[in-house]
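What follows is a single structure, written as structure tokens, with notes after it.
Going in written order, the chains are labelled A, B and C, and every chain counts its residues from 1.
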Amino acid sequence: MSRFLSVTLSGLAGGMIYAAVALSLVLIWRATRVLNFAQGAMAMFTTYLAYYVLDHDGSYWLAFAVALLSGLLLGAFVERVLVRPVESGPHLNAVVVTLGIFIFLQGLAGLLFGGRFRSFPTTFSNKNYNVGDVSTLSPFEIFVISSVGLVAVLLFALFQYTDVGLRMRAAAFEGEIARMLGVRVGQMLTLGWALAAVAGSLAGILVAPSVFLHPNNMDGVFVFGFTAAVIGGLDSPVGAIIGGLGIGVLLSYVASYAGGDLQTLAALGVLVFILMVKPSGLFSSTATRRV
Amino acid sequence: MPDAGGMSLEVKDLVTSYGAIKALRGVSLNVPAGSITAVLGANGAGKSSLLRTLSGLVRPRSGSVLLDGKEIAGRAPEDVVQMGMSHVPEGRGVIAELTVDDNLRLGGLWRKDKADRGRALEEAYALFPPLDQRRKRLAMTLSGGERQMLALGRALVARPRVLLLDEPSLGLAPRITSQIMALVRRLCDETGLTVLLVEQNARSALSVADHGVVLNLGTVVASDDPAKLAADDNLRHAYLGF
Amino acid sequence: MATLALPRRGPFASTIVRHLTVAVVGGLVLLLLTSSVNAYRDFQIANVGYYVVAVAGLTVLTGLNGQISLGHGALMMVGAYTAALILDRDNPPPLVVVLVLCVVVTAVVGAIVGAAAARLRGPYLAGATLAFAVGLPGLTSHYAGTFGGDNGLSVFTSPPPASLGVDFPSERWQAWITLAAALVTLVLLANLASSRVGRSFRAVRDDEVSAELAGIHVARTQVLAFVVSAACAGLAGGLLAVVSGQATPGAFSVALSLAILAGAVLGGLGSLAGAVYGAVALVALPAISSNASERFDFGTDVKSNMPLLVYGALLVIVMLVAPQGLQGGVRRLAGLLRGRSPAQPARNESVTEVSVTEPEG
């Protein structure tokens, strides 16, 4: 029982990371109806930039800031320059473009930083606190949960309570009407991608200590985040977070009771199950969806 | 509600096409400041295309659009609204996923004068009491008439000087239609707002308009005093359907 | 639509005869080519052979039927491990039988994936197949006893037949094997594409509702397209195992799936001739990058990652500049040079509007 509890708790901490990836996918999907397959690779790349800072004697917090800021810029660049021209075209074209960015960034990271697995440090201890005989969370896991939680709350507040957030929501829901009301829709979409990429980069730097840094290290994380987003309905930020926590706990069970190698296949099983049984996800506000 | 009165709108030889299909084949019309011009015609006559071209959603092939004497043809919609011309789209184009309050606020968001934004918002609520009672409700929960009020109110929050109204009566009960028409007339009379009103419901549009224009297949086939248009039996049977 | 636009009259009136003629002529040319180059070139040609099979298979799925798959690298893995496990037995069957078994096993897996895929669209399908591609290699380490873990399995192949002579290079033999497989695949796919089944693939791609109204069973057609495509991937995987002498999980990463997609997109998604160009590019680019890296002394990081960089850039650039791929670009250029024959502009327009089209009827 105590093992079950601690596996659940560490699953929740991991789930927050998948929630961050899912959140970034959902924000982009809502704004542009594009699924950003490059999100994992973008996060991987910005984590390498953070690693570079650490490797050159920067502090953890400087590296953290570099990761998030470079995510912001990368997200804006990708949307404005690469995705914008195909946004209104057939959906397959946008998918192929984001896949191209995905593989390009993997190649670029390998080229610049090499293909070795690198351990990524944190400033927080990985040693779990014990409550009774239950090994609970480590300081690092608490940091993971609180930083993703903070970013989610900030994004929520931005969207819900600010003028720019209102503009972004209008641009995402009804681009044409928003333009007629004076909203610069293109700018809002770029900003939406940039903010989403920040959430992705946060996931990258938080997951790096446990999966090691490698050009492929975000592939699995992306799949988990995608699954979480689909559980949540792909257009519900709250659903993305709940989906992330759910998939995190499930994968934690799979890893401890069946084997870590099966995590991705387990996620695939969940993904296919959800898409077969309830394609609109468990939290989607829109009634129908063609998958 | 507009603070500086209306502006004139002058359209000359406007041509718009979607691919090979010509929607407007050289439309010219003149809307003097502070007046209502009704644009009538059957489905597919080019009425909505005219408004969409005027507000910048569609780029014209050729022709000129003068807003208060200033050329705006080909300008982006987000610029056109900031120059003082607001477009209330067909089908009560409210953003269903946003609340009533968000929809209304959105209308004035581009304006720099924050204090006046708040005033304009409250004026819109005063004009449409049903909206006032539903500020925090999602727009998707509103009735058809309330959505039309919301779309109109949202345009007014921008304090426009020219209003493009696309089929405000579509799907509404006659009583609500006449209320909305009366309101448009009142805005025009009290504030000098200029209105270009596109309608299928020719009778109710002509009842409030100062001038009427009939479109067919993308060209102007008649332009006259509303009473004369309504009295022309041929025109009525061929294009206006009443 | 296989490779050459032969006149449709006389003895070429029959599609099968036309395709077979092209294949035989192509085979003879390749026989001469493989016999006149060195062992390294033959090895490269052997690689082109299995890439042609894989890219052509994806072209049928994506170009002809409108379904995207990021899981073809994983399907190749199924074929490769099937070959490795069968050839590891004491008395392995002849290679043809092994390859047929690769096709069968992978087609069965493809049917399962396809049954799920037929209910998914666009980004959902891409995401699910990506999960498949990321997840499947995990099985090799979970069942390391059977699949050899990260080191994979060795693949034992028989040497070239003695009748070819003692000194006959094994690379040339392998090139013949993969090229023969590629030609057979292309002929079969070309006939499929011009058959009633091919037309139903296209009908489903263009408009599912009207296909349904025309009496086509949409889901069944989509599963069938997936099975055909998976069968090709299985054959390609089996050939890859034979050529490389091993089956390792690292060879079947997501990057392989995306490389195959890049090959298909580059070839223009929809023409089998384009699939051939795409496959050549998939072999040529790493070779060029490797040569350049050696000449400029870039080191292994650059050498092994440059192809990924180029695939990625190509996917983006092709989509932004010429969504119909190289084949379409060449055709459009040719049309411009010929002063645009009357039929040309309309066809090009339709190709630009819908990304996934098949330029040749």
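Here is the rule we go by: contacts are C-beta pairs under 8 Å (C-beta built on N, C-alpha and C of every residue); 3 or more make two chains touch, one makes a residue touch a chain.
Treat the numbers as computed from the prediction; the structure is a model and nothing was measured.
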Name the chain with the Cα centroid closest to the overall protein Cα centroid. A
Outermost chain relative to chain B, judged by CA means, is C
Where the centres are mean C-alpha positions, what is the separation of chain A from chain C, in Å? 32
Between chain A and chain B, what is the gap in Å from one C-alpha centre to the other? 43
Can you check how far apart chain B and chain C are, centre to centre, with Cα atoms defining each centre and the answer in Å? 56
Residue numbers of chain A touching chain C in their complex, please. 34-35, 37, 82, 85-86, 89-93, 95-97, 99-115, 215-216, 219-220, 222-223, 226-227, 230, 259, 261-265, 267-268, 271-272, 275-276, 279, 290-291
Residue numbers of chain A touching chain B in their complex, please. 163, 166-167, 169-170, 173-174, 176-185, 285
Any idea which chain B residues touch chain A in the complex? 55, 57, 76-78, 81-82, 86-87, 89, 93-98, 102, 105-107, 109-110, 154, 158
With touch defined as at the start, can you tell me which chain C residues reach chain A in the complex? 62, 66, 68, 70, 116, 119-124, 126-128, 130-132, 134-136, 138-139, 141-142, 253-255, 258-259, 261-262, 265, 301-302, 304-316, 319-320, 323, 354-356
